[in-house]
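Chains: A, B and C, in written order; residue numbering restarts at 1 for each.
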Amino acid sequence: CRNLTLLRSIVDERLEVFSADTIGIRDHALESVGSRIVHGKGLTAGEYSPDLRTNFLAWLDWKLSPARPAEAVIDSDTTIGNCWACEPSNCNVTIELHRPLIPTDVSVDHIPEKIALHMSSAPRDFHVWGLRRHPSFAGDEQDQELLGTFRYDIHQGKPVQTFPLHVKKESPLSRLKFQFTSNHGHANYTCVYRVRIHGKEWEDPIRSEIQD
Amino acid sequence: CRNLTLLRSIVDERLEVFSADTIGIRDHALESVGSRIVHGKGLTAGEYSPDLRTNFLAWLDWKLSPARPAEAVIDSDTTIGNCWACEPSNCNVTIELHRPLIPTDVSVDHIPEKIALHMSSAPRDFHVWGLRRHPSFAGDEQDQELLGTFRYDIHQGKPVQTFPLHVKKESPLSRLKFQFTSNHGHANYTCVYRVRIHGKEWEDPIRSEIQD
Amino acid sequence: CRNLTLLRSIVDERLEVFSADTIGIRDHALESVGSRIVHGKGLTAGEYSPDLRTNFLAWLDWKLSPARPAEAVIDSDTTIGNCWACEPSNCNVTIELHRPLIPTDVSVDHIPEKIALHMSSAPRDFHVWGLRRHPSFAGDEQDQELLGTFRYDIHQGKPVQTFPLHVKKESPLSRLKFQFTSNHGHANYTCVYRVRIHGKEWEDPIRSEIQD
C-alpha cells in the first residue's frame, strides 16, 4: 500500500459491510420486514421456564424478569440479554416469511465472547427445516424437509455465523424451522439471540404476468 | 506504512468518525436534542395511506401495521422499517430546531442497498426550504426561501449523503422544510429514514450581553 | 504490509473489538445482566431539577421533558440525550452488581465531541467507592472504601474511558458507588451517559464445593 488513500478505502469498504447489519447480507426473517414467528406445537416450542416445584425461587425470579418472547430472535437488537431462552435439547422456532423465498443460507447471532458473562448458553447443534403447508393443513401438522444440519462455533470469534443450506430449493418456501438440539454446556437453557434467513425472491411467472 | 501502529491508528480514526453517528457531524434536527416536527398543511404533509375504496386489504394492512409517524425522520434509529412513508411526489416534512441556527448542510439517510429489500422507495429529488415565521403569522402561512435542490443517489453506496446548502444564510433560521418530489421508482410511497440539519449556533450579540 | 489480506485482518480485528460494546471488555454493571441502581440518601442522589421558584419556565420544561431516571447510566444505549442529569458537585450513583465481584476497572461513557451540542455537561472528577453491607445494616448507613479517584478527559477524543482501580480487592464486593464532583463547566447539570464495572467473578471455595 503505497498511499494512505488506498488504506482508507479498504477500511471504509469493511465499515460499509459492517454497518449493513454486520455482514452485509439481506435478512428476510426480520419482524420489521413483515415476517413473524408461528407459534404452536412442533413449530415454536421449548420456552425455558424453571420448575415451580423443584426450584420456587428460580421460578419466581423468572416470572418477575423481563423474559423475552420468541419474537426476540427476529429482532435485530442483539444487545446483551435480548435473546429467547429455551430448553437446551428441545428448542424450536418457526418463521413465516414476509413472502415466499428460495432460501440459500441462514445465519445465527450470539453476543461476542469478549463481553458475554458466559458462552455456555450459546446454541451449538441445529437443524433447519423447510415446512410445507398443505391445503389439507390441520392444526400443527405439515410436511417438513431437512435443509441442513449445522454447528454454531463459539471458538472462531465470529458472533454472526452464516451457513449455506445443503439442499438447493427450486420452488419457494414460506416457513422455515430452526431446531436447536444442544448448547455449549449450560444445564438450564439455550439463549438464541437472532436467526437470519437469506435467499432469493421468487417471481411467480403466472402472477407476474397478471400484475404487468 | 512501515508499521502496524500507523495502520491501527488509521483504522481507529475511521472508527471514531463512524461511531460518531456514522459521519461525525453534529445533527441539530434530532428530537433527542429538542427539535420537533411541525405538523400542518404545507409544513408536514403527504403521509402515505392506501385508498380504502380501491384497495381495502392494503388499507386494512396499513391501519394494523406499526406505521411510523413523521417523527421517525428525526429519530437516529435507522434499522430497517424505521422510516416515514409518504406520497412519492408530495412528501413534506418541516423541522423546528431546538434553537435558531445558521444552517450550512443537510443530510439524508437511507438503509444500505446490501440489506434493503428494495431501493425503489428511497427518496430521490428534494428541495430544502428555510421558513420564516412572521409576527403576523396566522395558521400555516409563512415565507419560505429555497436553500437548495438536491438528489439522493442510490448508486454511490453511501447510506448517509450530505449536501452543502446553496444559499449561505447570515441570520439564523428556526424552521427548515424538506420537500421530496420523487423517489427511485416505487409507485406507492417514499420511505424517509432520516434527515439531518448541520450548522453553526448563532450568538445574538444583544442577548449574549444581557446574559453575561 | 505486503498484502491486502493482512490489512483486512487488522481492520476486522479492530471491528471485532468495536462491535463488542466498543471496548471489548465485559461490563457487569448493565441492568440487562441483572445489576440495578440502589436508590437512597448517599447512594443514588443529586438528580437535577430546576428550581420552581427561580425559574418556572425551565422547571416546566424539565417536568414535560422525557428526563431519564438514574437507571439510564446502566443502559448500554448512549445515543444523544440518553443520560442521567444530576447536580454538578453532588452526583452519586450506586450499583448493586448481579453477583459479588472482584472489581478491577471502571469505565465512563460520554457522547463523542464531534456530535455533542456541548461538552460542558460531561463528567470530570469522580471517586469510586466500594460499599459494604453490614449484617447490622440499617437504612442507608454502610461502610465505604475509596477504590480510586479519576478524571474523565474530554480532550483525548475517546468517548469511553477506562480506569484501573487503585485498590486491589481480594474479597468480592456487591455495591459500588460513583461520586461525580465536577463537570466540564456546565452551570446547571452533569449528564452521565454510562458507567461500567469490570472485574473477575469470585468463586466462593465453600459454595463451589457444595455445588459440585
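Throughout what follows, a contact is a pair of C-beta atoms (placed from the backbone, for glycine too) under 8 Å apart; a residue touches a chain by one contact, two chains touch by 3 or more.
All values derive from a computational prediction rather than experimental measurement.
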>> Same or different interface residues for chain A and chain B, judged by whether over half of the residue numbers are used by both?
In response: different
> How far, in degrees, do you have to turn chain A to put its CA atoms on top of chain C, rounded to the nearest 5?
Replying inline: 120
> Using CA atom averages as chain centres, what separation in Å is found between chain A and chain B?
Replying inline: 33
>> Two-or-more-chain contact residues of chain A, please, as numbers and ranges.
In response: 1, 7, 11, 15
> Quick one: in the complex, what on chain B touches chain C?
Replying inline: 1, 4, 7-8, 11-12, 15-17, 19-21, 24-28, 30, 32-33, 76-77
> Within the complex, which stretch of chain A touches chain C?
Replying inline: 1, 7, 10-11, 14-15, 18, 22, 79-82, 112, 114-117, 157, 159
